[in-house]
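One structure follows; several queries about it will come next.
Just so it is clear, A, B, C and D label the chains in written order, and each chain counts residues from 1 on its own.
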């Protein structure tokens, strides 16, 4: 039984839980390229308020910053921290593809081999995929990020600029 | 006989109740499947296994039993989605029965004065009264297609009935009284042409016809678990995802919410939006098993079986003097429910004499009073077959009817 | 330990699931009964017998199976009427669950601008959102009793809350989060003094307290089958007969009608008035058996057992450093659901560690978000016992909590 | 099986069914002391329209006439015919007590011994009590009669006269 549990609560997860990265809302939510969303897990009440700041880079939109306030379990808190680490500084397209990779890992029922190149600390969540009730915890902030990013994109799309969908 | 299910004997063994004998030691001849179907052992066993080994509340529970129960419940949703060929599992909402599914729509689709709702004269009361109440509440007008003498929809004045103010066109796929199979795709297209929502009551179709909601193109479709070899207490509302998510909430309660404060709440998306409270969990699990069972035998094969039995029954029934079948006389154009009158004997009395011989049929208006009124009768006797029905059972019915005539000294 | 059920071992044998082992071979310690109760063999067997031998639709069918099925279904109504000490069997309406029963009332009790509905901050979402929606539809005002720090109803401003414009006072008998047992007769009298209808949510009371609707004097009371050892898919609405008959219809469909024409219909009296469509037949039969089972053991004895276990659990839980129980700390003033916080570990994580040891508890807001907000928390961990719970299971929980603290390196 | 059936379909019942007594509505529904009701059996759709005419006798109200139109099965038709025979000409109180006796017979699940003194041809319905689904058929017109009689009583109650309840 302990082995199962340890596969869920990897050291990396507990570390991020104790010391979450990028926690605490930053920046001005009303400035251009910034969007803020509030997501909840209806089953357990876990919540995240997440702010995304996009800027225009030479080759498209870039995730300038992600910050958040969140209450939730170790899995959801650690996942938020890891997510922020992974997407900040990446072009939106690339960040979306990391999102997709993480999603596939979570929905793989423990059958998907995690790609450390792409997911870095995120590979620690491979064990979560075997606990269907916890998958939602791990995905809460990733879904919030996707939503906020979509809003920031439509919001800040410079007229005549490139739009992504 | 052509078309019968090849392993009929084996199939009958799946249904424990078919072994029953009744008062006086007579064997059961169950010809009331349009009322409710019998349950195969595998459905019963699956429910028992769930109750004895995996019972827990769903979604909310994070422990192993909760995970198992949730998986079983959500697995049933996948099976039903496959049964209907639904594009998304989220479109399958579990209700209590077909009646609740129809009332859910009638309560949540917005209607107002000037709007109209079109139904038909052959609907089951659940697809009539629900809309009557909706029209009373909203001031919308209720209209309906009449019936031809052959028991088919009278489409002659369709152009007057369905118009740009029509908000809903709701109709049964197969009539539970007349057996009529309606031209569903035509009706759906007519609704779409006027921007109306199409609602199909597939309660009698789901047991015996392959259903493909994408091919039919309807907006909503409902059916009920207990007529497709599943348990009572479970029904299905299918609808296009974006339409369902645009409807206001129906019942308020656990699981349908996103967040709740004392002053106000926000709501989840479908399917949870419409599944307030603890859902019929073991019932969904039973239904999932039932549609798998039907799928395994094959809906095409079941349909062929029903048509063969129906043709044989139509022939047998017409050999009884003074018997008049209501609805289409061509087996290929109808389902397996056959309602009839017998001169000089009231349906109750027919059913009673048949019952004394073990033959179970239904007598009454079968929750289709307007269709009975259309044919000038208060009530009728209805036999209805299913995948376990044998030609010998039809023979028992026909003999029973001859006996009924002599018992009541008619003719 | 005083108060425990004398034949606890024998009772446990009635529940097949209690023999289960979980991942890693650990035995099940089921402490999630306030979420859903486990089912005794006799309930399962009764349902199986019904499905295998007596299955038929009710009321409408005149054949022997129909008569047997109807008798079983209506017999269940008698049993539930006796369970509640209802003056008439007609007052027992079968619904899908407690949530549907509450929504039925919220949809059919007439409300308008100027009226108000009073609930409490400790309600389950089903008794909050249903009335929020009713107030939104009607323009009535929603008010609520707050809670004291001890988790009891704050009756200080009761005189301002309930007034002559109060149409409904709806409250839970026992809180599913805090365990609090509310002063139901006082509340009922307060409602009556102002001519308001009293609605009691007995979902958590029915499993563990003797209920006598005549002694309580309320107007309506609801509970849900799956928490009283019955199956899912069935709930009960009890109401005074004349009040129920004065409510407009809820769902339209089969069995709730008197007569139907295409243009309009008239409706049956209760209970059929509110049982549109094929009801949860086998589920009612299972529920009837379940309340008989509880009655046989005795609700007083079950209540004493719950109180003994609860007292023992409160003691054990408080031995865990950093653990804070929400709700009354006196076992005699509460039901068997105990929600708590543990410093430094989130409820999900607690539940997960406990689950790895076979201990099943619930983590989340237990469909009582406002009550959690009142105590400044998002979620909590809840253990809930029932008539099959042993002191050794409480020990396993407490040990598991100590282990949880060390696993997460707190303290 | 035939014995069971014969206990339901007694000769007397079949005779009344073939040749119902007092069938066909009579009299003026709007005159004093007359009330008309329409009852249906929701399950099967059987219907009866029943007219009761009460007059004042020396010792209270009397059932002057009962007439009806009805569609239904042999049990409901025969029961209506027998009921009319039994109540016509009786004081209302006495007719009500016959009604009560018949009701008890029907609800007795076949355990009640019928009283021929009171029920006359009505004893033929003893077998019906063993068929729960048919009890409603046998009671349809009796319930209609009770309802109509109650209406006729309140309707025609001479001011200051005796009222029954």
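Of note:
Assume a residue touches a chain if its C-beta (ideal position, glycine included) is under 8 Å from a C-beta of that chain, and two chains touch if they have at least 3 such contacts.
Molecules present, by chain and UniProt name: A, D = SUF system NifU family Fe-S cluster assembly protein; B, C = Cysteine desulfurase.
Owing to the predicted nature of the structure, the values given are computational and were not obtained by experimental measurement.
With centres defined by CA atoms alone, the chain at the far end from chain B (Cysteine desulfurase) is A. Between B-D and C-D, more C-beta contact pairs are found at B-D. Our note on geometry: chain A versus chain D, Cα centroid distance of 77 Å, whole angstroms.
In terms of their C-alpha centroids, the spacing between chain B (Cysteine desulfurase) and chain D amounts to 38 Å.
Chain B (Cysteine desulfurase) and chain C (Cysteine desulfurase) have CA centres that are 31 Å apart. Chain C (Cysteine desulfurase) and chain D have CA centres that are 45 Å apart. Touching two or more other chains at once are residues 23, 60-62, 66, 255, 257, 259, 348, 352, 363-364, 369 of chain C (Cysteine desulfurase). Contact with two or more other chains is made by residues 43, 45, 131, 134 of chain A.
On the side of chain C (Cysteine desulfurase), the complex with chain B (Cysteine desulfurase) involves touching residues 16-17, 20, 22-23, 28, 30, 32, 35-36, 38-39, 41, 44, 47-48, 51-57, 60-66, 96-100, 102-103, 106, 121, 124-126, 128-133, 142, 144, 224, 226, 231-235, 249-257, 259-265, 276-283, 348, 351-352, 354-355, 359-364, 366-367, 369-370, 373.
Across the interface of their complex, chain A is touched by residues 59-62, 66-67, 70-71, 255, 257-259, 268, 272 of chain B (Cysteine desulfurase). Interface of chain C (Cysteine desulfurase) with chain A (complex): residues 23-24, 26, 346-349, 352-353, 356-357, 363-365, 369, 372, 378-379, 407-408. Of all residues in chain D, only 40, 42-43, 45, 131-134 touch chain C (Cysteine desulfurase) in the complex they form. Note for the complex: chain D touches chain B (Cysteine desulfurase) at residues 1-2, 4-5, 8-9, 14, 43-47, 71-77, 131, 134, 137.
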